[in-house]
Amino acid sequence: METASISLSLDTVWVLLAAALVFFMQAGFALVEAGFTRTKNTTNILIKNLMDFCIGTIFFWLIGYGIMFGAGNGLFGTFEWFSKVSHGGALPNEAFLIFQTVFAATAATIVSGAMAERTKFKAYILYSVVISAVIYPVSGHWAWGGGWLSSLTTPFHDFAGSTVVHSVGGWIALTGAAILGPRLGKYTNGKPNPILGHSLSLGTLGVFILWIGWFGFNPGSALGASNPGLISHIFVTTNMAGAAGGIATLLTTWFRYGKPGLSMSLNGVLAGLVGVTAGCDTVTAGGALVIGVLAGVLVVFSVEFFEKILKIDDPVGAISVHGICGAFGTLMVGFMAKDGGLLYGGGAGLLISQLIGVASIGIWSLASGFILFNILKYTVGVRVSEKEEENGLDYYEHGETAYNM
Amino acid sequence: MKKIEAIIRKSRFEDVKNALHSAGIDFFTYWDVTGIGNESSGAIYRATIYETRFIQRRMISFVVRDHLADGAIDAILKASRTGELGDGKIFISDMLDSIRIRTGERGPESLYIKD
Amino acid sequence: METASISLSLDTVWVLLAAALVFFMQAGFALVEAGFTRTKNTTNILIKNLMDFCIGTIFFWLIGYGIMFGAGNGLFGTFEWFSKVSHGGALPNEAFLIFQTVFAATAATIVSGAMAERTKFKAYILYSVVISAVIYPVSGHWAWGGGWLSSLTTPFHDFAGSTVVHSVGGWIALTGAAILGPRLGKYTNGKPNPILGHSLSLGTLGVFILWIGWFGFNPGSALGASNPGLISHIFVTTNMAGAAGGIATLLTTWFRYGKPGLSMSLNGVLAGLVGVTAGCDTVTAGGALVIGVLAGVLVVFSVEFFEKILKIDDPVGAISVHGICGAFGTLMVGFMAKDGGLLYGGGAGLLISQLIGVASIGIWSLASGFILFNILKYTVGVRVSEKEEENGLDYYEHGETAYNM
Amino acid sequence: METASISLSLDTVWVLLAAALVFFMQAGFALVEAGFTRTKNTTNILIKNLMDFCIGTIFFWLIGYGIMFGAGNGLFGTFEWFSKVSHGGALPNEAFLIFQTVFAATAATIVSGAMAERTKFKAYILYSVVISAVIYPVSGHWAWGGGWLSSLTTPFHDFAGSTVVHSVGGWIALTGAAILGPRLGKYTNGKPNPILGHSLSLGTLGVFILWIGWFGFNPGSALGASNPGLISHIFVTTNMAGAAGGIATLLTTWFRYGKPGLSMSLNGVLAGLVGVTAGCDTVTAGGALVIGVLAGVLVVFSVEFFEKILKIDDPVGAISVHGICGAFGTLMVGFMAKDGGLLYGGGAGLLISQLIGVASIGIWSLASGFILFNILKYTVGVRVSEKEEENGLDYYEHGETAYNM
Amino acid sequence: MKKIEAIIRKSRFEDVKNALHSAGIDFFTYWDVTGIGNESSGAIYRATIYETRFIQRRMISFVVRDHLADGAIDAILKASRTGELGDGKIFISDMLDSIRIRTGERGPESLYIKD
Amino acid sequence: MKKIEAIIRKSRFEDVKNALHSAGIDFFTYWDVTGIGNESSGAIYRATIYETRFIQRRMISFVVRDHLADGAIDAILKASRTGELGDGKIFISDMLDSIRIRTGERGPESLYIKD
């Protein structure tokens, strides 16, 4: 008994501190997105990052949590106000709630970067409400809330959310950026022009903050410390993939563009971290290295693909980092999971479940994102006027400029 | 009195400053500008390799008494030339008058310290 | 026995990590205060924030801790050098000491923001010594050191320091700002002019850092993890109030000034966090939401009141955020405490104790602040010369400018 | 049994969270180094700081760990790929690995600051590989891997790495900076010119981040939480020395240069922290204060000595902070260790062991650094061309500027 | 030789650049300035709503041979006009001489590339 | 039309702005510059105490009709003088023409609002 209560305390401490680290990722996203965009829109991107967390906190608590973790059925939890559903485990319900809250807010904040520098503030606020209250919780229920993906014969495995969190954010970002259209001046007769971010110092600090946040994101998803070997392993795989992603992207840019680039390498670190998130518990350190390297290469070509082929303007690379690398990492589990992975003789079963998960959640988020932003487009409107965009959203939407040197 | 404006490479600034000093010009005002001209340079941002004709430069501006102008110009020319595209320009124009705020002196004597 | 020692280890880990997070708030304050002021005074505000922590560390250890936690009497602990008093509990004394040290330094650093851009460095150094060595410990003793406020029939309840820490800092900030007078150019015949802060990027990062620091500040004040339900609950209430404060301020500025403002919303988040600090353990999540919303609205009117009516120049809003919202949140405990709160049928007893605490500590800090700054005024002087202020404190006081782009 | 596993979980949690904090120091170093150098080289310094961690992660895992902790002999561990050696203790091997990884990366990243604004990126990459794979692990083995320094009759005592981590980085930085030569324009006929760092805001934030990182660095080196008194004590001594260092430097600059300077005081805080790292477990709080004060004074004269006498150009003061103060702090253990210190009647035994450790590791790192950078110099080259240096490394090495305001 | 200085809205810069290009002017120097004039704009900071007459603008400056001046001016006028208060100003003044640092060429030929 | 350029102390800017306003000049353009002249100031960076002759200043530039020039100059002189080294300079030059982009007005009338 005594010992049981101590280990419960320890598990709680672990989850709460992990939640604090994941919360800190909000600052990381804010800095990366601000650093990769222009000063005339800095106030706007900062306030969006601040508000999507505030809104996420409240609406996920209001109804999202119930939809995600309520018993309900395979598709949908329960519509229960104020998170009044138990998550089952021994962990205090509020420890679980806060941990899930910061996860929901992570999915939400991914989108602002891809839609930066041209999205109406009001539309963004409404989007934030819907994703934290409904979109994220529904697919979250499928995989983590006892929904159908978790009851496949070989259950879909997304340990910390490559798909459940990052891809969801990434795919919705894709629909948003596509529906908005590129920023003014981004393309001149089809050729993309670089629109330089205003501070790589902010961007780099942001990535370091995201990285430390991931040490809460992945190991925290163990929801306890009773298995010290596991959480230690997750620390190693998480860090390994981030490092490998950074180096892989650095070398890719070096070969491909002639010089080692920082702005892409920052994406590369994130690509590796996102990629390993699904399998951080079940791949080896070497496996994490492989996933990181592949994600680091993939992100470069993905960014090029969206920018040059699809001509979808994503100022920070959120679609590639979170959408593409999230899906990629989830699939890699099918190959590289020590138990059940194809390369470890586990057959195709897991891989197929992963495919099903990636596809179904992908379709869900693309569809709901598409519908949501179209509704917003034809109601409050999603894009600011040309004049506002030219002069900067800070002035027109907020009346406040970020820098007064 | 002549006004001399020189648009130079930032990297040549130190040398130009010293050269002007040797030419007896130890007062001037400068600020950073962006220049567009014949020079262009390659750069990379994220996945895009691009050529930019926007080059960071420094504008040096000062007013001198006529007899010092040529020396000043030569000094700038020598110190700022690399021979490569983009060394910049020097523009000379006329000034009607100059005033030293501190003393109210007008005309040429506002441009040097009488001792 | 064995288990006792493990749970002691766990409690210690909890308190130490919380202390680390609270320490980090120093960085948050430094960034907010730097971001909300002008570049010509950035070096000065940064060095003040760095030094008040260094000084706080040493002088609180030298004598402050003894005054605060020494048995002594109801009004004053013991005058004992080098923190050589035991705090009673099982927790290692040094764990308790470091946790209390970072709290003392928090109270101290609040003041620099309100006095920014015109205060003599030497005066600020001396102020830092006095608050950490004497002012804060004395009122701290009343509430937390076994003093008279903790021995009222219904004890004064300030769980993590809305009053004990934040209001004390806020009220002293008020006396300081009032005695200094407004910055040059702040008022033209009575009308306030905006003096724009130089970087909302720094300001926003600062608020995110303060927010994560609060996850140490409030849950850490449980001084252990033996009650996992409690610390989980505090995580939820703390986060809820911060989020609610941010949204409430955003909407208030939107309605009142026509546009949603970032600089005020940053204050709003802090207002919510300060407000819930006293009752984070005893109010419900819904209660935290209410407190956050009210604090978020209150802070806007408070800032206007000090700026436009009292004409006290507080560049960062420290008086309103920490002083006013700290007092407000402490009183709200009297209404919203699940056990003892008026709205929960607990009668007026607690509310009265809260009033007594807020009033007595308010009077103490206002009085001591008033005396301290007047002494400094007529000895070393508190305000720099007009010329120094015009040209910036960085140059005259430190010979170092913060930015050399 | 039960309890044993819980306390193992707790120890693991402690070490992992400490590792996360130490990881965060990478961000601190990046900001300090970026803030203390010019905007034309900001991308370059940021990418170096990002990459040395990525590379350190991978190469320390590949071979460094084996060299450092493999049984081997007194001089050298075992040449074993993929960290496949056990570290002995009960702690999960991967918890130990990640903790040691972030330490190795700390030593590596110290160097970039001293070599800033003129070092070829390619050379820096290669240097990073060698230090994390070989140089750091070898001397690390001597002191921490069961090597000869740990088997002296009175074992060499460097609890958290004043010498093993910081001095190693500092001495290699010294060889690097010396071989590179000063930046263009740093000296005009022997007189040093100030080359102003571009942002003290970044620099100050960096120091606060390093400070919180130290709360992982030192207490985490207890490798567990089973001794709550010890880790609490380390928190106190660590914080005390940092605070004392900051104040001591502030006063030193005030007396010596006429004004209290921020850029040096930032170094002073770090000097105190580095100084106490070796003895944080064994000196008293008062002892930590003394060490901090002395280190804070020492760092000023050391910076002057290298800049004005030796004319070695160290833009951020890394040699003085990490090399000199690291060695100093290690020696102070010989005097101030409660058990075994000269001033505590422990005789000269410990002091001599400390001398041996400081000297041997100093010689090793100076020698290997000297050889390494000379090899690089005559192969890939260590220094960029004059033209590249004048125009900035960002443009020539990376094609990306950090700021586009 | 004439010096043309145009103080324009930052938001019109791209168009002006292109218009100048079409007018045969593919060299100029610019920097950001703050302008005070008839235009004023509302802004908010913390609890204060205020009107500011300090507007961010861009200064474009270049020297052209006389026969190109009018074309350049028209180009700027067309590209930078919005018709609202605050479109800015164009100032024309005389230049005595111009030098291309790279080649030392003086006078008009320093202003174009002979081929 | 005259162009008046004043290089002043940043700390005097507010007063100069108001003085100009009283002198009927409520339009001008300014930007921050670095000046080198007789003034020098002591500074410290890390372990180095040094004297710098690079002083932060503000450049104010505007074009006025001739009859307003002297009043404007006096206003600047009064408001920007401290009497200490480094008060700055005022330069006066000739302008050929001025155009208000919004209306296309040329010449003097582009410099004021007819009512």
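Going by the order they are written in, the chains are A, B, C, D, E and F; count residues from 1 in each one.
Note that in this section contacts are C-beta pairs under 8 Å (C-beta built on N, C-alpha and C of every residue); 3 or more make two chains touch, one makes a residue touch a chain.
Just so it is clear, the model here is predicted, and its values are computed rather than measured.
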Open item on the list: Spelling it out: a chain qualifies if it touches chain D and also touches chain F; which chains qualify?
Closed with: B, C
Open item on the list: I need the common contact partners of chain D and chain E, sorted by label.
Closed with: A, B, C, F
TODO: With chain centres taken as the means of their Cα atoms, state the distance from chain A to chain D in Å.
DONE: 34
Open item on the list: With centres defined as the mean C-alpha position, give me the chain C-chain F separation in Å.
Closed with: 44
Task: Distance from chain B to chain A - Cα centre to Cα centre, in angstrom - done: 50
- [ ] Note the residues in chain F that touch 2 or more other chains, in rising order.
- [x] 31, 43-45, 49, 93-94
Task: Overlap residues in chain D, where contacts from two or more other chains coincide - done: 3, 6, 10, 13, 17, 196-197, 199, 205, 257-259, 261, 263, 398-401, 403
- [ ] Would you please name all pairs of chains that touch?
- [x] A-B, A-C, A-D, A-E, B-D, B-E, B-F, C-D, C-E, C-F, D-F, E-F
Task: Footprint of chain A on chain C - complex, ascending - done: 3, 6-7, 10, 13-14, 17, 21, 38-39, 196-201, 204-205, 207-209, 211-212, 215-216, 219, 225-229, 231-233, 235-236, 239-240, 242-244, 246-247, 250, 257-263, 265-266, 269, 285-286, 289, 403
Open item on the list: Taking the touch rule as given, give the residues of chain D at its contact with chain F in the complex, in rising order.
Closed with: 192-194, 196-197, 253, 257-259, 261, 263-264, 267, 300, 303-304, 307-308, 317
TODO: In the complex, go through chain E and note every residue touching chain B.
DONE: 3, 17, 26-31, 63, 93-102, 104, 110, 113
- [ ] Report the residues of chain D in contact with chain A in the complex, numbered from low to high.
- [x] 2-3, 5-6, 8-13, 16-17, 19-20, 23-24, 26-27, 30-31, 34, 42-43, 46-47, 49-51, 53-55, 57-58, 61, 82-83, 91-95, 97-98, 101, 121, 199, 202, 205, 397-405
Task: chain C contact footprint on chain F (complex, rising order) - done: 10-11, 14, 41-45, 49
